[in-house]
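Chains here go by letter, A, B, C and D, matching the order in which they are written, and residues are numbered from 1 within each.
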Amino acid sequence: MKHRFLIVGLLLLFGLSSVWAQTEPPVVDSMVVDSTELFPAAVSDVQVVDKPNDHGHAVIVTWETSADDGGGKNNVLRYEIFYSTSFDGPFDSVGAVPAGTGEFRHIGSKEPLDSAFVPDYTDLFYQIDAVTADPTIRTTSDVLGPVQCSGQWFNTGRIPVLVAVLIFGLLTAFFVLSAKRGKKLYVRPIGGIEAVDDAIGRATEMGRPILYVLGLGSAADVATIASFTILGRVAKRVAEYQTELIVPTYDPIVMSVAQEVVKSSYFDAGRPEDFKEDCVHFVTQSQFAYVAAVNGIMLRELPATCVYMGKFFAESLLLAETGSLAGSIQISGTDEIAQIPFFIVACDYTLIGEELYAASAYLGREPKLLGSLKAQDWAKAAFVALAIVGLLAANFEWFEFTTLFQVID
Amino acid sequence: MAYLGVIISMLVIFGGLAWLLFRSIKGREVERRVIFVFIFVAVAAPILFPITFEEHASPVVKGLFDHIDTLPPGSRVLISFDYDPAMAPEVQPMANAISFHCLDRGHKVVFMSLWATGQTLLFNTLEDVIRPEFPDLIDGVDFISTGYKAGNEGVLNVIVSDFKKMFPTDVNGVPLDSAVIFDEINSCADFDLIVALGGGRPGPKEWVLFVGDPADVPIGVGVAAVVAPQLYPYYPRQIIGMLGGVKGAAEYESELAHRHERFKNMAQPGLKMMGPQTLAHIVIICFIVIGNVAFFRSRRREGR
Amino acid sequence: MRRTTYIVVAGVVLLFGLSWVLHAVSMSGEADGIERAFMITMAAFLTLAIYSFLYKDNPFYKFAEHLYVGVSAAYWMCQAFWSTIVGNLFPRLSEGLSNYFQQPYQASGWNITYWIPVILGIMLLMRLTEKYGWMSRWPLAMIVGTTAGLNFVRYLRSDFVVQVSSTFMPLLGEDPHRWQGFGAFISNLDLSATGQLAAIVSNWVIFFGVICGIIYFYFSKEHSGAFGRASRLGIWILMITFGASFGYTVMGRISLLVGRITFLFRDWLEIIS
Amino acid sequence: MRRQIPFGLVFIFGIFMVFQFFVPHEKSEWVYEFLLDWIIVIGIFALALGIWSLFKVSVEKIKQGKEGGNYSYITLVGLYMMVAFGFTQQTGEGWGLYFLWIMLCSACIVSLMRLRASTDSGKKRMWALASVGFLVAAVLVAIFDDAWAFFLYTPEGLENSMFEIFFDHIMMPILATMFSLLAFYIASAAYRAFRARNVLASLLLLAALLVMSRFNPVIPGAEYVANASNWLMNVPNLAAQRAIVIGIGLGIVGTALKIILGIERGYMGRG
């Protein structure tokens, strides 16, 4: 009984108060009321998950944007994200995103001493503020969490690459094996390759040396490794014709590998006694000093043939123009796209991009080396086919296909 | 004296080219060293005697120029210096010309930088343009420099809604709250125009994505020539105008000299740098023509 | 011949001295003016020595070239020693060593593994001996193997898988430049990035350009018939872009020359301000 | 056996790096970072090989008495001086006998080179004596001069003003000048090569002319030229770049795979 009175009383009071609130204008500072009205709605439906496919130390926070973002009062300018290792805080700001965004990737450092460190296997809690143009006017969401982050052992985002690796590997293995079994593989004529032999013959006739430049790449650059194979071929010919070979190098490791390659070519040609180690020598590890020295060699030794194969940068034109001044036949090949125009303009023969690798496989004179060339061609055919299908997919808005090739990080 | 130099060097260059053309019609090749001499003269002459060429502002450059010109005096403009000394030869002339233009039109200008190296270059502009040209303008009232703030895109994310949170004071340590110019500026949305100068990251692209689009502020950019083709797709929807490389700077300067008497007597580094560029390009084009003339002559002779 | 060489060298030395003296006089008010005058003269001399190569190879160029080779090799050596060996390796090798070099020791239970590259590095130096030369192949194998594995997956991803998806594009344009009928199309023939022509034709050019370019790089099939024609178109597109990038680069190279000539005229000859 | 082990190593490291790519876990990342660090350290050791080769070739040039062989002295003295600057620094007000010391050491280097280059034993003895003499003198100067000191443990040498002067006034001017030679060469290459010999050369020529004429103040329609050259750089250029990139990418992938599997062995020499 008592309770009933109490409840009725409270209800009456509540009703009265609401009537009072409607009739009486509030006697408070109008600014404050304005700002209470200006407070945007909080974000909703917040999800926190460990960021997949990473080394840990990262969390993805997603949310439904505030009702006042792009609609309603339309006063949200950005969202600020806070995190803490305990439910009660204190919460640290970890970043902000502009309005209209519903996701934040909190990528922490893995170094425990770093201020941005985010621990793995620890409960983490998040809060999101919807902030207006006046940063004091903001609405904080509920505390979200806990979430734990950790590293994964397989990156599912890279499955397309894994498939490509497997297919390419199998194709290569297949063609290498069939080449080993003696199947003949056709390779279309490549301009610069035939020129190499002629150029060596020319040098012999003229009694002038051959200059071979391996570029600025390190011994680990694939272009340099392709160049080693071509160097081996050139050196063998040089040994047979008993011409002089000069190989100035930019990198000491490249130098020692090149020495080894030239040496074994002389062995193969049956003239190990003609090999002089100093024909392959180190210059300096400074781009333009190297160019200055090679230019000097060109004008002093007047090589009949200059071969540039490997990685080249701004020095490409300096070398090639000086070579043409020295009256040399010049053959070049690089996979550095920006330098191809200069070689094309200044050299007699240029291997464009992939032709360098093809030439390397071709000049290696081992049928199994050509196997991978065949696999590369299959990959190109696959590319064309996929591009056509993908084009249709893009035009007819069949997005399942286009997303197949997305590599996510 | 300078005119005499210009006339003589032009005579040397074009007379020489005509003579070479004449020789090549007779079927003779030009020696390499002759080409080297021509290139040297074509570059050196405009440095010695300022040879400038008429530049016409293309619509992309005009877009930014007209926007600054038509804004009512007293409008608020933010200019950000996001580049390093390597880019400075291309971008600094733009920075100077745009700063001059804004202040000459009576706009209130805020200078800032997202690159640590930009602060010195920003200081250079203040020294070269404002001190000598606008001695009456007051720091903090008509213009202000907030200097550099670390944080790259993070800075943009904050200043888009709260400028003073990232820049509590100006470069001299004076609180922005006490600066008159900041009375009506709280966030980037309060600017009437933002000019982003640079070419790296963070740079114009980030200004467009993080500030221009969300806060709906017109953005004009000035970039190094190599970056310009990548920014074209943003024009004119997200960028109102763009200055690309020295050429963009030169076009802006010539437009400025046309419309503002005062600027005619000032240093015009962009136009000055275009002299060697234009002459050298013309010389190379002429040599290509001469080479082809010689080539066709010799082929005809062989054909006979 | 010899006499002219001597006369030229003497003349250059005289000019060098004259330039030094004149600069020193003009900088006499400043501290270490004589040294700075020498350095500016030296820099100008080296600049001109390199340019003299444009005429022909000569003793001045040879001097500059040989000096540059020696100094730059030493410069990289010093940098490599201080930054890599002292800065990175010693702080991990042993505490005593890093204290000796006044570097903060970076403690970790796995620092012992840093002796492996040291041993491999010493094995590399074994090349210098006849007998143990074979050892140098081990470190080489490690370097080549590691980077080959790295390149294999990375290039397959960035130069193949990613390129496949970026070639998918709508051939009728995207909003707001979508195909709006023939009349609308021919009324907007602007080549700048905003026009409908640019948006639609560009997509076609890119798509067929890529396909034809790839056909050009196809090695195991004879380039004849329709295939040959596509490959021909491919190499045309390649040539057009090589020409265009050559033309585009001219500007940057001229800027470099402007920089050097400005140095000669302003800092050395002081004839412009 | 000796020949097989390196290929085994190539295979193991190569396969590990391929697996590593798909394993984002901290542990795999950690090994990956270690491996990359190792490569840098090994590279530094290789520099010693390079310097030795430089010395040997320089001496060889003098020995052969080739024209211009004497310039090798400049290379090695320059090398030595820069290294010396990198490890010494001024401690007092002036430089004291520093430059005498540099001279003595340079003289020592030159005598060593002559020692290696000379063939008859009388001369050999003379140069050996000279180099020992210069060395002793240099050591004495180093001991008794307090104006400067060696800094073998801390990189004070990099702040040695002589080191900086050599960098700013010798290396940088030559570097910038070498680079600017390209302005001349780009012109001579254009003159020589841009000739309408055939279709390909004509296309190359026309595209270059079009792009270069955006700087032309004479021809009307400069704006259209600028647009067209931008379009060339944005559209056909993109297509060609992509075609080349795919080709190069596959070339690298194919060659890398051959290396890992031990099919491509040319880089290892033999024996």
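As a convention for this text, a residue touches a chain if its C-beta (ideal position, glycine included) is under 8 Å from a C-beta of that chain, and two chains touch if they have at least 3 such contacts.
What you are looking at is a predicted structure, and each value in this text was computed from that prediction instead of being measured.
Asker: Where centres are the averaged C-alpha coordinates, which chain has the largest centre distance to chain A?
Answerer: B
Asker: Which chain is in the middle, if each chain's centre is the mean of its C-alpha atoms?
Answerer: Of all chains shown, the one whose C-alpha centroid lies nearest the global centroid is C.
Asker: Between A-C and A-D, which chain pair is linked by more C-beta pairs in contact?
Answerer: A-D
Asker: Would you kindly tell me how far, in whole Å, the mean C-alpha position of chain C lies from that of chain A?
Answerer: Going by mean C-alpha positions, chain A sits 18 Å from chain C.
Asker: When the C-alpha atoms of chain B and chain C are each averaged to a single point, how far apart are the two points in Å?
Answerer: 26
Asker: Quick one: report the Å distance separating chain C from chain D, using the average Cα coordinate of each chain.
Answerer: Taking the mean C-alpha position of each chain, the two centres sit 11 Å apart.
Asker: Do you know which chain C residues sit against two or more other chains?
Answerer: 50, 53-54, 62, 64-65, 68-70, 72-73, 75-76, 124, 127, 140, 143-144, 146-148, 151-153, 156, 160, 163, 167, 192-193, 207, 210, 214, 217, 238-239, 242-243, 245-246, 249-251, 254, 257, 259 - these are the residues of chain C that touch more than one other chain.
Asker: Taking each residue of chain A in turn, which ones touch at least two of the other chains?
Answerer: 158, 161, 165, 168, 219-220, 222, 225, 253, 256-257, 283-286, 288-289, 292, 300, 340, 342, 344-345, 352-354, 358, 373, 376, 379-380, 383
Asker: Find every residue in chain B that makes contact with two or more other chains and list them.
Answerer: 32, 36, 39-40, 43, 232, 277, 280-281, 284
Asker: With chains as vertices and touches as edges, which is it: line, ring, star, complete or other?
Answerer: If you draw each chain as a dot and join those that touch, every dot ends up joined to every other.
Asker: Would you pull the chain C residues touching chain A in the complex into a rising list?
Answerer: 50, 53, 56-57, 61-62, 64-65, 68-70, 72-73, 75-76, 124, 127, 136, 140, 143-144, 146-148, 151-153, 156-157, 160-165, 167-172, 207, 210-211, 214-215, 217-223, 238-239, 242-243, 245-246, 249
Asker: Which bits of chain A are touching chain C when the two form their complex?
Answerer: Interface residues on chain A, with respect to chain C: 158, 160-161, 164-165, 168, 185-188, 190, 219-222, 225, 253, 256-257, 283-286, 288-290, 292-293, 295-296, 299-300, 338, 340-342, 344-345, 352-355, 358, 373-374, 376-377, 379-381, 383-384, 386-387, 390-391, 393-395, 402, 405-407.
Asker: Across the complex, what residues on chain B touch chain C?
Answerer: 33, 36, 39-40, 43-44, 47-48, 60, 89, 225-226, 232-233, 235-237, 245-246, 273, 276-277, 280-281, 284
Asker: Over in the complex, which chain B residues touch chain D? Could you list them?
Answerer: Those in contact with chain D are residues 30, 32, 35-36, 38-40, 43, 53-56, 58-59, 228-229, 232, 247, 274, 277-278, 280-285, 287-288, 290-292, 295-296.
Asker: Which part of chain A faces chain D closely enough to touch in the complex?
Answerer: Residue list for chain A touching chain D: 53-56, 110, 151-155, 158, 161-162, 165, 168-169, 172-173, 176, 218-220, 222-223, 225-226, 228-229, 232, 251-253, 255-257, 260-261, 263-264, 267-268, 278, 281-286, 288-289, 291-292, 300, 314, 317-318, 320-321, 324, 335, 337, 340, 342, 344-346, 352-354, 356-358, 360-361, 364, 368-369, 371-373, 375-376, 379-380, 383.
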